[in-house]
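What follows is one structure encoded as C-alpha cells, with my remarks underneath.
Every chain is named by a letter (A, B, C and D) in the order it is written, and numbering of its residues begins at 1.
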C-alpha cells in the first residue's frame, strides 16, 4: 500500500477531532465542508435534456448543460416518465413525474416545483389517483401560454385532463376528454388535444381553472392512411407536425379555434427501391427519405427555419419509420415550404434541438452504432459543422428543451 | 461542407448490422430498439431454439426479435426472462391492458391479431430487448400503440417483460 | 406499411369484443391470456446472481438461471443493496432490501419473503428506522444455521443487529455491537462479527431471539498491516477468508467460540517487479499475484477445494488489489493448504461460485475489457474448460449464490 | 488445457488501457471503477482542464480519475456534474458522513487527509465514475472504507456525486 492507513476509527462521530490533532504544516489550506457550487446565470447555449434510463425506467433525470463548453451544469432526478416546464418568468421549473415505490413499483404521481436559480425543491403537488399518462410523448403536460395553469393528461386508458392552478399550487379539477390525447397550448389559457379520428379538441379555461369553452375541429389528417406523429414544434404559436409519410402540417393555435394550413411535403414522395441490400449502395444518392426519431422537428424563430430528422427508407425497409433514427437533418424555409439545406450527422440521431439565439447551435441526441453508446453532439446550426460533444450524456436522450421553455 | 460523411455512415450501418448477425449480445437494449426492423431480414436464418419445439404451426426463434409474432412489440421478450412467447415468468402478473398488432405468420401466410401484454410485478428483465413498429400507431390511437407503459393500470407498475399472445386470424385488409 | 392497421379504438375497454368479431379461420388457435410459466424444479446447476444496477443503485435484482442451458428461469426485483437467504427447508427466500422512494430516495427498509416455488411474495416485514447497512458486502444479514432467526446488520454509523423471528415474522429487538460489523452464522443460533481491531464478537441467541451469551475473541489478524477481506466462504461451518496480502485464515464457527487456524499463503510472497510496463511482458510467468474482486473465494464441499480469484500485482500496481478483477482462478486442496490448479479466465473476473454437486461448474462474473460488457461465464470446475455463457446478464454481477443458500 | 489464453489476456489488458488514454468516454462507469488505479499512470499527461486554474498548489485535471485527491474515492466526480472537486452541484446537499483517505499531492510531495463526501439529494450523475482504493479499508474500518452508501444518513439517500475536500496535511506515517 503506497500510503499508510493513518488511523482506524469505527465510530465516525469521533473522527474529526482526532483528525485535526494530526494535521501538520501544509501548502494547501484546509477547505470548508458543506459548500455548493452556485448555478451560473444561463447562457444562450444552455439546454436541458431528458435522460431516460432504459435500464430502469422508474428513474429518469433532466440534465442541464452548456453546449458551448460541453459541460454539465446540474441535474434533477425526476422519477418515471417526467415532463418539465419553465415558468414564463424564469423562476420555477415544474416537473410532472411518477414515483414508483419499491421493487413492485407502487405508483404515486406528483408535480415537483424547483427554484430555477438553485435547483432546490420549492414545493410538491400530489396528483391523486395514479392516472397521469405513462408514455414517452412529451406533450402529456401543458403549461398555458399565460403561465397560470398546468394541465396534466391522464390515461387509464380513459382520457382526461387534470387542471392545476400554479399561483395557489392547487388542483382545480378534472376534465374528461374521451377519445382525445396529449395537449398543446392554445391561445392564452387553452389547450388542443389530438383525437383518434384525426381531429382536434380545443378547451379554454377561465382564470379559476374552470372550462369556459370547448370546440371539436374536423379531422385534419387521416390516421388510418398517414398518421400524424404527435411530436410537433411551435413557432410563435403556430405548430408544425409531420405525418409518417413526411407531410408537414401547420396548426395555428393562437386563436380560439385551430386554423389548419395546407400540408406540404418534407420529403420526395417516390417509391422505395426494390430491395434492401441493393439500396445500401445508393443511399444518399437516390431513393426516398422519411422523418423519424423521438424529437423529429425543431424550429429556429429568428430565421423561421424548420429542422427535421430524416433517414432513407431503405434503412428501415418501411417498418417503423416514425421512430427510426435519422442520418441527416433537413433544413427548411418554413414560409417558402422548401428545403434549403441538408446536414449530415456523424452518428444516427434520435433527437434534435436548435438553440433560439442569433448564433444557433444544433443539438443532436445520437447513437454510435458501432458501440451503441449514446452521444450528445453539438453542430453549428447554420454551417452544419460538427463542433463538440458532451461526454457520458446518459442512457437515452429522449428530448432537449431550452432553459426558458420548450 | 457538411455533405461528405454520408458514405462512411452508410458503411457503418451495414457493418453494424453485420455484427449483429454474429453476436447476439449486441442486439441489446439499444440495438434492437433502434434497429430491430432493419436487422430482422439479415438475422435470418439462425440456428437457435426454434418455434416448432413448442409452438405448432410456426417457425423461427421465439428468443429472437425477428420472430413473426413480435412485429409490433416493445419491451423484453418473456422467452428470455423465464416465461415464454405467450406466458409470463414465474412471480409476475399479466397486464390487464394490452395493445394489438397485426403480424403475418410466414408458416401459413396468414395475418394474425397479436395481443402484446406486459408481465408486471417485478424488475425489468433487461434481456432480449425488442422494439418493432409494424402496424404501430401514435398514442392517440392507444389500442395499437406500443409506446405506453401498459402495467400502469396494475397495482404493481413494474414491467418485467412482454408476451405476444395469438388472439386469432385477422380478416384480410379489414 | 406492410400490414394494414385493422382498427382504431381509443378506448381499450371496447377492444376485445370488436376483435373477436374480426377473427376468421386460422392455423393457430387463439391462445389464453393470463398464463404464467411455472417454475421448473431446480436443477443441480441452477444459481442466483445479484445484478447490481450501477446506473441506478436504488434497483438491484436477483436473477435465477440454469448454468447447463444458460437460460434465465426467473428474477426478483429487490430494491437497493439487497441480500437474499433461502430457508433450510427450501420453501422461502428472505430478501432484505431498501426501497428508495421518489427521486430524492426517501428510504424504507424491508424483508420481503418469497414463496420459493412460485417467486410470488408471501409476506413483508417492515424494518423501522432506516438503519440497515447500505454497503456492498453480502454478510450484512445472517440466517442462523437452524433457520429460525434472521439478523440484520445496522450501520448509522453506529453498529447493531436487528433480530427477526422467522416463524412469527416479527422483530424481536436490537443488539448494539459497538465497533463490530457484518455477521457470519455461528453454531446453531449465533453469529460472529468482525471488529475494527481484528477480533470477532460472537453472540448466541435463544429461541425467542434474546441474547444468551456474548464472547469477544483476541485479534486474529492485524487490520493495520494486512486487513482481512470480509468476503469469506464456509465449508461445513468452518469459514475461510483471505487478507489483502493473500494470507488464508480459517475460522471454525461450529462451536460456542470461534477457533482460529494458522494462516497459510494463497500466493507467493515475492516482491513486485520494478515497473508496470516491463512487467506486462512477464505476466503469468513471474511475479507475485494477489487475490481480489467482489466474490473472491468459493468452495466445493465434496472435494474440499477452495477457489480464489487472483491477478498479477503488476496489473494493479499494488493500488486497490483487494477489489481488482482476477485473471485466473487458483484452486487449492484446503486440507493440504496447497495450490493444485490454475484456471485461466477468458475475461477478467469479479465474482466466482462453484456449484455444490459432484460434477461442479465454475460460474464467473466477468468483464470484457474491450467492450466493458459484463459477462456470466460457465466453466467446468474440474478441467477449467470454458463451456458457455449467459447472454445479457445485466449491469454488474456482484455475487452468485446457490438455490439452497449461499 | 486451460493455461493457454494468458498472453492473449495480457495483450487485451494493455490494449484496453491504451484505448482509455485516447477516448475519455471509455473511462465510464465500468472502466475506471475496475481499472482506475492501473489506468492512472498511463493517462498522464493529458491536456485538459488543469487544477492550477482553480486549485492553488495543485496540478492535474480535477475531471480525471487520476487526479491526486481521488486516491480513495468511489463515485462520480462532482467536477463533471455541475459541482467542483470540493463543492457539491446546485440543488444537492453534502453528506453528513464521510470517509477519509490519505493522498500524496505531487505538487508539494506532501500527504493530505481528504474527506470524501457524497452530494445527496438528486439522481446519480453517472458521469466521470471513479473508484480508487489506495489506503481504503474494509467496512469494519468504516472511517476509511469507500464501499458504503454515505448518503444513507441524510434524509434524501440519493447520491449525485462525490467531492474530495482537503482537511489538512497528514503527519507522515502516523
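Heads up, the rule we're going with is that contacts are C-beta pairs under 8 Å (C-beta built on N, C-alpha and C of every residue); 3 or more make two chains touch, one makes a residue touch a chain.
Here the structure is a predicted model, which is why all the values come from computation and not from measurement.
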item: Intersection of contact partners for subunit C and subunit D; value: A
item: Neighbouring chains common to subunit A and subunit B, by label; value: C
item: Intercentroid distance (Cα basis), subunit D paired with subunit A, Å; value: 32
item: Centre-of-Cα separation between subunit D and subunit B, whole angstrom; value: 40
item: Subunit A residues counted as touching two or more neighbouring chains; value: 1-2, 5, 8-10, 12, 55-56, 59, 61, 76-78, 103-105, 157, 180-181, 195-196, 223, 319
item: Multi-chain contact residues (two or more partners), subunit B; value: 28, 97, 122-124, 126, 134, 137, 140-142, 158
item: Every chain pair meeting the contact rule; value: A-B, A-C, A-D, B-C, C-D
item: Touching residues (chain side subunit C, partner subunit D) in the complex; value: 54-57, 80-81, 98, 100, 103-107, 130, 133-137, 155-157, 180-182, 194-196, 223, 227-230, 276, 280-281, 283-284, 315-317, 319-325, 327-328, 342-348, 350, 367, 369-370, 372, 374, 379, 383-386, 396
item: Contact set on subunit C toward subunit B in their complex; value: 1-10, 12, 15, 19-20, 22-39, 51, 59, 61, 64, 72-78, 114, 118-120, 373, 391-392, 394
item: Sites on subunit D touched by subunit C in the complex; value: 2-7, 9-10, 12-16, 26, 28-31, 33-38, 40-41, 97, 121-124, 126, 129, 131-134, 136-142, 145, 147-149, 151-153, 155-159
item: Complex contact set, residues of subunit C against subunit A; value: 1-2, 5, 8-13, 53, 55-56, 58-59, 61, 76-79, 97, 99, 101-105, 108, 110, 112, 121, 157-159, 178-181, 195-196, 223-224, 244, 318-319, 371, 395
item: Subunit B residues touching subunit C - in the complex, by the definition given at the top; value: 24-25, 28, 55-58, 71, 78, 80-84, 86-94, 97-98, 100-105, 107-108, 110-113, 115, 117, 122-128, 134-135, 137, 140-144, 158, 160, 165-171, 173-174
